[in-house]
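The same chain A turns up in both complexes below, where it pairs with chain B and then with chain C.
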Partner chain A sequence: MTRKTQPTSRLSAFQRHFLEPLGRWIYIIPLLIVNAIVIVIPSISGILYAFTDWNGTTEATFIGLDNFGRLFQDRVFFRAFINNVTYTGIFLIVPIAVGLLGAYLLAGIRHGQVIYRLLYFIPYMFASVINTQIWRYLLHPKHGVGAFLADYGITFLDFAVFGRRSTALYGIVFVDGWHTWGFLVVLYLAAMTQVDKELYEVARLDGATRFQQFRHVTLPSIRPTLIFSMLIIFIGTTLVFDHVYILTGGGPAHASEVMSTYLYTQAFENFDVGYAASIGVILALWVSVPLSIFYILRRRGWQI
Partner chain B sequence: MRTLRFLAILAFSLSFALITSAQEEVTLTWWVETTDQGDLDHLQATLVEPFEEANPGITLNVIGQESLQDVLRTALLGGAAPDILSTFGPAWNAEYIKGGFMAPLDSYSDLYGWQDKLVPWAYGTGTIDGTLYSIPLAFESIVMFYNQTVFEDNGWAVPTNRAELEAVAEASMEMGIHPFTYGNLNAVWANGHIISGYLNNFATQEELRAALTGEKQWTDDIFAEAIALLTDDIADKGWWSGGLENYYQYEGADYWAELASGEAAMMITGTWGFNSAPEYFEETGMVWDLAPVPNMNDQARPSVYPLAIGSTLAINAASDHPNEAAMALDFLISNPDRVLAISSGFNYSEWLLPLAFSVDDFPDGVDPRVQRFHAEFAEATGMGNYGYANWTFWPGPANTNLRVEIEGVWEGIVSIEDYLAAHQAVWDELFESGGTIPVP
Partner chain C sequence: MLKSGREHSTIPNHVILMTLAFIAFMPIAILFVNAFKTTAEIGRNPLGLPSEWHSENFTEAWEVGRYGTILRNSVVITGGTIIGTLILAGSGAYALARLKLRGGDLLTFYFLVGTSVPAQLFIVPLFIMWRNFDLINTQIGLIIIYCGLSSPFATYLLRSYMVSLPEEFMEAARVDGATNWHILRHIILPLSWPGFVTAALVVGLSSWNEFLFAVTFLTDPSLKPISTGLFAFQSRYSRDWGLTNAGAVIMILPIIILFLILQRRFVEGLTQGGLKA
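Up next, the complex of A and B:
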């Protein structure tokens, strides 16, 4: 009869509960340190500066909620906030609708689909500086498409799109939308290719039209991707800066001002960094609204 | 004996190393606004190499920085700023001085005699509470460039007063020529140039000075009338760039091309235009010239050249080599010929320190128009006919408020009274916090 022997490879409790997790954490600790230095610490200090009168050079003095009180009486800030809401609202409808339509049509193409994907994605590959310059020249009041068409009696575009208060913001949204929709097409197309083909077969057998198939099969199946795209659009349009800054600078007369550009002006031209930080806090809170709703609904079991 | 010899050689080598380490090369860093390689090469040839030749042991690194002011602020806060600080002008310096980033220069001024070499009004703009912190790098003014070919072809006289200006403007509008051209795309400070041109030629020097020193309110009728006149010209009459909407979309290439091609007759801008005018007019073959901005008031008075400083130089309070940095500043201040040589590369639109030049100091071959301007400027300002440019005498927040919020007035969504009341509120805060510029 042989005596049973203890396994030689059994880990001690110390190894199991400490060394093993430590081994896994070691791989992400450098990233956490970078995250802390680049994101966490500046975020916390930004929040703290929102309660001060810091001008960016001298010492900061605590002033309580004065900056926030001033913010809620600032007509320019309200204009900027409304512009951001408008920007987001348009983006949640137009580029998404165009992206869905483009992806749905593209999904039906068998040959050369890759080429179409590439063509649609090209605008997204442009840096915003290039994108804005292209459209600034295309829509230039003197040298642009509008001026060219006006020579042939077509005058509907013969004006400074970015120089008119009523159209400046919408012009910027159009340019940014043109830049983004190709990305959405590719995103939705990737999701659509994952939809079970048998669902479409069943729907067809039940007599569903193409629109009904799109509405009752495609959309529900790609819902997680759709919700994800809406979240990133909300965040991106709330934080938008480059397109606005380059095309109009927030003008004319703050007609296209958004919270990011107003924050920039306060921090870097008015030397009012504390006030700018308070705008940053409001921005962060606003962005957290849909994220919080998404998180709560997921916790409640919603399939989104 | 051998041991002694060895020890002697060792001692000598060690002391030689100590001496050479004490005489280590000093490297000065100087960030400049231009990133154009041609400009940097010119600075290398006319500033860096002569300075290093005259000061062996000191290396001068002149580095062009994109978005210099944004980069400089961050660098100062991070302790990585250069030895020599170049800012956009006195209006920007108050915050840096309050933060302790600029070293006082009085001792260097006494040592090198800067106060006697720089023009008094310009020297004063570098002082805060009586202490010198910055040296003016480029003096400027606001002028009116015009297309001389268009004027001559149409038999127009260059306007010197409001009535003459209106006559030229109406005639040019009838011919489809924009009376003025300019634009503020990515350059809202352009609004300030036009505002300054109107304010300085509508209100008197005394009235402006009083407002800049807190003795008069910006809500006073004289300033409201000046703003109303400008708003009428730019927004209602559409004198600029074919309309206000175009003005918002024009940048330098657009309005210079328009002036040089004869599509526009005049342009109110700063004297840095000396650098752009030749380039654009050479392409079209038309001729440019300049004149003072016309008197905008009905009361007869001579036109005014607003005083302006385009850039300033200061020494970083954290610099390890402030004495050497001061030597670099003095290399410019004490050497008018050197300044003219450097500035020649910019057609005397930049790097022209406000030293006591006479017209004869300018070398042969200088554009006669540039030379004439300097002669007229010296004569006019010498007689007291000068004004105050916004980018020099309006502190940062006041300058931003002046030029940004004017668009609300032009668009008709803010009344002139509210605009000026808000402007006064900004000045009230500045007077309280002590952030204003000495006004000559």
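Up next, the complex of A and C:
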């Protein structure tokens, strides 16, 4: 054991410049290796593949920006991109609104907070295959909620939601939203309990209604959490794969296609590796836009 | 809250909160009760309680769905991922938090931001790499991928735990001539175990539920974990709701039980892990 009290002059240069740093770096080297193998190297390869016509087996040729040119003319990709934007747009409104409502009401009660929070959070723990199993049944035209309502003469939901071009995407967004909103309640509630109670007191003395208190006290106080949740929703919905793949596979007729499922088809069914890689690059760029804005503003000291 | 805080009645709150609880809970309740119905009864009575409780769906799922095998696969994959990730991330976090690496701050930042690289960017090249290494259709191959995916978050979480530990213990140990390894083993680990439990829960849950990499890298039915095993089962027996519901119940029961016991840690870990979720 090398004692720290030993005079440094007696350590050789080899020990000082190599062995001693190695004794510290050795703890992080395995982590860095696994990270490099699973994420860094394949990501760099992915960027390189995007500029080739590789099919995964034979020789690849460098074709410059051709894949990206093709993407801009690909109507299915355009459909997928629009679907992703719609998905994100709905998610930024409905689950966040429900999450805020739930959290605000929970913050205002004294009894039962724990049990409500528990119930709301459980769906968030479920795998995508579970959410889809539950809702494929409940939205089934013969057994589900639609059929139940139809028995009472309410017939707006007794059709195959995931089988219709006009509703498939919204059905998927609904299932994913059901899975997520409870997480948002818990996230916002944690932020709301940090808000200074005196602010509410002052607002109430000024005669503010509950909505005004929410609008002028709660919302500004939880803004960092709110912005953070919007960021993760943007990323999560842009990269969405599971729920779409399991419920519709992107169909019918690409009506619910998203960028990830299209990439998956190109890579693993059409073996168009180069083209799939270019979709991956577009996805990464699209996700990095809000992420970079977020971190740049944070570094500049913005309270977001 | 102060006395004047009571001027609003909380009854409207409870009405809306109960409606929300109903939306969250009823679908799960229906999943559970339908797992105990025969197919004939689901046709007659799709949403109500069963007239008779049948457990045949579970025994049948166990046999035709081979749930014994896929559960074992899931336990192996999840267990391997938890152990691998905690070793990688635990020692990495120790180096970042306590060993004053040159460029350590940059690495910490990389593990926070740089690894929000979407899977879509690297899954195809990774597949080709794994094909060359003969790691497709091996559980160890999937475990390595999961360790790679979850270790950045786990490192970040554990590092923040270790940074907050009091400096004096480590200084004292160093003066006594303790090596880095001794400090990790006898000081850091015993003090930061709550962080390890939280990390294990988050990592375990995400690998138990993971779908995209599992469906891509494990196609052999005898190796599949429960997420893709259930997916295959759903496609094959799509009309046999009792059977597929029983499969789903088998998958979520351990999660729900664990969640009820360790609720606070799950919530803490998952809300911190939001960025990776």
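Operating definition for what follows: the second predicted complex is superposed on the first by the 267 of 304 C-alpha atoms of A that agree within 3 Å, B and C clash if a C-alpha of one lies under 4 Å from a C-alpha of the other, contacts with A are read in each partner's own complex, and residues count from 1 in each chain.
Here, contacts are C-beta pairs under 8 Å (C-beta built on N, C-alpha and C of every residue); 3 or more make two chains touch, one makes a residue touch a chain.
All values derive from a computational prediction rather than experimental measurement.
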Clash or fit, chain B versus chain C on superposed chain A: clash
First, second, both or neither for A:P141, with chain B first and chain C second: first
Touching partner for A:L22 - first (chain B), second (chain C), both, neither: neither
A:H254 touches, of chain B and chain C: first, second, both or neither? first
Partner chain(s) touched by A:V85 [first = chain B, second = chain C, both, neither]: neither
Chain B versus chain C as contact partner of A:D272, first or second or both or neither: first
Partner chain in contact with A:I246 - chain B first, chain C second, else both or neither: both
First, second, both or neither for A:G56, with chain B first and chain C second: both
Which of chain B and chain C A:P42 touches, first, second, both or neither: second
Chain B versus chain C as contact partner of A:R164, first or second or both or neither: first
Of chain C and chain B, partner touching more chain A residues: C
Clash-bearing segment of chain C relative to chain B, given 128-136, 182-190, 200-208 or 254-262: 128-136
Set intersection of chain A contacts, chain C complex versus chain B complex: 56, 136, 142, 246, 268
Touching residues (chain side chain A, partner chain C) in the complex: 1-5, 21, 23-25, 27-28, 30-32, 34-35, 37-39, 41-43, 45-47, 49, 56, 98, 101-102, 105-106, 108-110, 112, 116-130, 132-138, 142-145, 147-148, 178, 182-183, 185-187, 190, 197, 200-201, 204, 210, 228-229, 231-232, 235-236, 238-239, 241-242, 245-246, 259-260, 263, 267-268, 273, 276-277, 279-281, 283-284, 287, 291, 295
Chain C to chain A touching residues, read off their complex: 1-2, 4-5, 7-8, 10, 13-14, 16-17, 20-21, 23-25, 27-28, 30-31, 34, 42-43, 46-47, 87-89, 91-92, 94-96, 99-102, 107, 113, 115-129, 144-145, 147-149, 151-152, 155, 174-175, 177, 179-180, 184, 205, 208-212, 215-216, 227-228, 230-231, 234, 241, 244-245, 247-248, 251-252, 255-256, 259-260, 263, 266-267, 270-271, 274-275, 277
Residue ranges of chain B touching chain A (in the complex, touch as defined): 69-70, 73, 76-77, 95-96, 98-101, 184-186, 188, 242-249, 254, 396-397, 400, 404, 407-408, 410-411, 413-414
Chain A to chain B touching residues, read off their complex: 55-58, 136, 140-142, 159-160, 162-165, 246, 248-249, 251-255, 265, 268-272
